[in-house]
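In what comes next, subunit A is part of two complexes: it sits with subunit B in the first one and with subunit C in the second one.
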Partner chain A sequence: MSDAPVLAVTKLRKQFGGVVAVKDVDFEVRRGSITALIGPNGAGKTTVFNLVTGNYEATAGSVSFTAPDGVAHALVGRRPDRIARLGIARTFQNIRLFGDVPTLDNVKLGLHSRTRAGVLAALLRLPAAREERDVRAAAYRYLDFVGLADKSHALARNLPYGEQRRLEIARALALAPSLLLLDEPAAGMNPQETADLMGLIRRIRDLGMTVLLIEHDMKLVMGISDHVVVLDHGEVIAAGTPGAVRADPAVVRAYLGNEEL
Partner chain B sequence: MIPPRRPRTEYASLLDLLLGAAALLAVVLLPLLHGGGFRGTLPNVTLYVCIYVILGLGLNVVVGFTGLLDLGYVAFLATGALLTGFLLRMTTTPDGVLHWRVTEPPPADASPLLGFDGSYLLVLLASGIACALLGVLRGIPTLRVRGDYYAIMTLGFAEILFETALWDRSYPVDMESVTGGTFGVKLSSLHVPRLFGRQLFYDEPVFYYLVVGVVVATFVAVHHVNRSRFGRALASIRLDETAARACGVDVARHKLAAFAISGFVGGVGGSLYALNYGTVAAKGLDVWQSVLILCGVVLGGMGSIRGAAFGVGALMALGELLREDLGGVSVPPEARFLIYGLLLIVVMRFRPQGLLPPVRHGRPVTWERDALLAAETPLCSLPAPAEERA
Partner chain C sequence: MFTAENLVNALSLGALYALIAVGYTMVYGIIKLINFAHGEIYMLGAFGALLAVDLGHGSANVLLAVVPAMLLCAAVGMSVDWTAYLPLRRRLPRADALSIALLALLGVGAIFYKLTGDSTHRWHAPAAHTAIGWSVLALVPVVILALALGEKAGLLGRSLGRVHSERLNALITAIGMSLILQTLAQLVWGAEPRAFPEAALPEFLSAPVPLGLPVTVLGKELLIWVTALAMMLGLHLLVSRTRMGMAMRACAMDQETAALMGVSVDRVIAFTFALGSAMAAVAGVLYAVKVGGGISYRMGYYPGLLAFAAAVLGGIGNIRGATLGGVLIGMVQGFTGGTFSAAFLVMILVLLVLPRGLLGEPQASRA
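For the complex of A and B:
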């Protein structure tokens, strides 16, 4: 295991035409931590995620990802599927499941990057069959981890909202990532579901994974984060422990207003 | 220990298997039970339908599995057919001079270059491979587009191919000497290849069973593709490209592989088409062929293998029945498209997923799930459920 931060974002910038969505952002994500990226709507949080996972190309700056073996990879300019294969998995703000197939198959797709059977194996049914059994067993295990093992054959789009969020996490876990990016995992959840989710995120961290999450639910953010980064208008205005950030006047002014925490 | 049984979702239902076996048996036995043997309307129509079923299965890989609307599938049919015609027309004289221009009659003392027994299997393979390459070449410029734009590009590609196939000497490349231009390539009995000692005429048992064999092989191959890791990746591209990438799916590579498979099957179908008719002309292979096959796939249920086979088969059989006046009603050829159109409107109105849509989910098997959950798998480093709960 390397001591280097899992993710080091340096002077990261993204412009859409004349709009600067992300303005020279710097932050680090320590290995094994739960880090939260917070900020008002439109602060550029999801844009940062999309820059890290390669869905957007950065205008300037760099993102460095250090794999568990200590090798650092520059992420800017890499394709999303390559970044996923490096061990960075994500969920999406507006859930992006494969709605038309069973939940089990959604998780199997998460295992895609770690399996090998190719076209010829598919055509001729070569030893792929052996791998396919492992895939099925692993898919059940990931479903079970998020508590959906008995929904294995339901179509993903027919699941209730909270379960869809958990299924998306299971699919991301199936990539065996070292860094997991969660984009508003608690959005639309009731308090009980949010509490369960906090437990799930802690269990994921306890497995040795690093979690970076975007969240508006302050109870969740303050309850589980080791480190909080606050964005406003595309700039980092504060970073530190939940307690320090909560007390920071700039944060209170920009984001929290007079709301009681 | 993982039980060797597969979950039901991955099985065709027993009914499907029985119906499929019954259909295959009927096709295999038809010439034997039919009074005229391999001659006559019924075996002819069966061959014709079988060849289009092959094409429908190939088209379904791109349209149904990958979710890209291909309006130019005829490009593969035409290329496979014309290439087969061209290869089989090549002759050599005893002094080793190669004659390949299809527009000129071969010298009197010439014999086919590919005259040896079994040569057709090579020609069939060559047609498939050529069309697989064509599929990849055609696919590369389309990788960045989706939806309607992809459909338009495939349509345009087929039109370009169609027009270039008719180029004569006045154009930069004299394609006419390869494709035969408007008149096409005619395979006389001199050029029809032999297999197992028999020439592959449309009314030969060898040809009939070769076509049936290719239908079965194609069916099995696309079935394996569909339920493999590769097929799952194609489905993920169809359902959400962004999410597919987030799962580590190399979208471009998978699309190109799907184009290659689809093209290969199209080329094989085209090659059999050429032999079945004994003559191929680019003139007859226009955009309507693409539309017809696509209609069949949509009618049967996009993404469903049995649906694509059934849809295309039913549509082509219907067309032939109307043409051959077998139903007792005489319909002018032009009216066939009217009937296809009506059929499609009715199906789309009342059953938009097609007549035999894909089965996407089955029932979970509890004991199987429990066994899998307890199994060791190198793909999952999570603690075993029992350990974690304890």
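For the complex of A and C:
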């Protein structure tokens, strides 16, 4: 294990035409932490996620990911599938499951990248019954971990909303990531579901994974985060412990507006 | 019309169209492109086998020559993707340049068709063809170089980038690729239709098979049915049971998410092209065996269109649909004595009732 931050974002910038969505953002994610990225709508949080996972290419700046073996990888310019294979998995703000296939198959796809077989090997191997059993068993374990073991045959799109969010987490966990990005995991959840989710995120952290999450539910953010980074208009306006950030006047202004002026 | 002989012929045609149609449908399923160069891959399959037979000096027979033909077509299919379609998908700066280059080629190709004589003699002027053909090909590096220089000088890229519409560009590029491959095949093998030498055809192909049916079934017809069935079964297993098949299905559903699950989308697409191309190659070889010749640079045009119709008829993007559509189009062709308009009429009628084709699913709405 390395003491270097899992993720070091430096002067990260993303421009869409004339709009600067992310403006020279700097922050770090410590290994083993739960770090929250918060900010008003349109602050650029999801854009930062997309830059980390390679869905967007940064206009400028760098993102450095340090794998558990201590090797640092520059992520900017790398393809999403390569980044995923380095050990970064994510979920989506608007759930993006493979809706027309069973939940178990969704998780099996996450396991797909774990065995490093080339095209030819994959082609030649109509997987032996044993391997298929192993994959299924592993997929079940992930479903069980998020509490969906009894839903393995349901089509993903038929699950209730909260369960779809947990299935997305299971699918991401199947990649065995060292860094898990959760984009608004509690969106649309009732208080009980949110409380369960907090427990789940803690259990994920306790397994040794680092969690970076975007969330609007302040109860969740303040309840589980070790570190909070606040974005507004594409810039980091505050960073620190939940308590420090909550008291920061800049954060209050960003959320409540600046009406007193 | 509805004779047993026609049924035998129709089944064979249907099997061949199905083998081609799955290539259209798999590529469409993943990158939403109608790969109009696919008929030419089928044509190159027949030529590839012919080449292998020629190189084998009489010791090679057609059944063995299928293997190098499949490999050749898999390679060509992937190359077509890499050189022509990948730059358009990735939105590389040079994508516009290449697209324009291929459009220019399409134009030149059309002129080339126009210039080469009237309809009766069009295919009997090899010398003139070769001369014009080479000059078309010579234009390729010139046009690409000019565009590359233009891009370096900042003349292209941004200004053109704003007006482009990706799907349409890729479609036109595919038509251009089709013409380029035809031209290339004509340069290499000439304009005269060729046939496999007798020595390369095992005897059982033209012998009747004792099936106890009231109709004569030749060995080659049975070969076509068995091969097509086996390949369709193999394809089904590959798509449903292997990791690559799972990756293909994931890419067809949502490429971006598949990539974030560690699936190498480019690799899956390349594999899809290779797989579809290899299947089309088999169809090309079998067709040449069936009709006892007809290996020509033009041979891919109508089967390509008909297989495309079959894929649409079955519900584009759906492999079983393409198989079903292929057999159906084969039936129409077999029973109408090869009337192309009848095949398309059937397709139009089916689409009037089922706009998404026989097995087409309603467009999945992405959340």
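Assume the second predicted complex is superposed on the first by the 241 of 261 C-alpha atoms of A that agree within 3 Å, B and C clash if a C-alpha of one lies under 4 Å from a C-alpha of the other, contacts with A are read in each partner's own complex, and residues count from 1 in each chain.
Throughout what follows, a residue touches a chain if its C-beta (ideal position, glycine included) is under 8 Å from a C-beta of that chain, and two chains touch if they have at least 3 such contacts.
Here the structure is a predicted model, which means the values were calculated and not measured.
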item: Subunit A as common anchor, with subunit B and subunit C clashing or fitting; value: clash
item: Subunit B or subunit C, by number of subunit A residues touched; value: B
item: First, second, both or neither for A:155, with subunit B first and subunit C second; value: first
item: Partner chain in contact with A:55 - subunit B first, subunit C second, else both or neither; value: both
item: Touched partner set for A:46, first subunit B, second subunit C, both or neither; value: neither
item: Which of subunit B and subunit C A:178 touches, first, second, both or neither; value: neither
item: Which of subunit B and subunit C A:94 touches, first, second, both or neither; value: second
item: Contacts of A:142 with subunit B and subunit C, given as first, second, both or neither; value: first
item: Partner chain in contact with A:225 - subunit B first, subunit C second, else both or neither; value: neither
item: Touching partner for A:194 - first (subunit B), second (subunit C), both, neither; value: neither
item: Doubly contacted residues of subunit A, that is, touched by subunit B and again by subunit C; value: 53-55, 79-81, 84-85, 89-90, 92, 96, 98-101, 105, 108-110, 112-115, 117, 119, 122-123, 125, 171, 175
item: Subunit A partner contacts - residues on subunit C that touch it in the complex; value: 237-238, 241-244, 246-247, 249-250, 253-254, 256-267, 271, 364, 366-367
item: Subunit B-facing residues of subunit A, complex; value: 53-55, 79-81, 84-85, 89-90, 92, 96-102, 105, 108-115, 117-119, 121-125, 128, 131-138, 140-142, 144-145, 149-150, 152-155, 171-173, 175-176, 207
item: Of subunit A, residues touching subunit C in the complex; value: 53-55, 79-81, 84-85, 89-90, 92, 94-96, 98-101, 105, 108-110, 112-115, 117, 119, 122-123, 125-127, 171, 175
item: Touch list for subunit B against partner subunit A, complex; value: 2, 7, 9, 221, 224-225, 228-233, 235-236, 239-240, 242-251, 257, 261, 360-364, 369, 372-373, 375-385
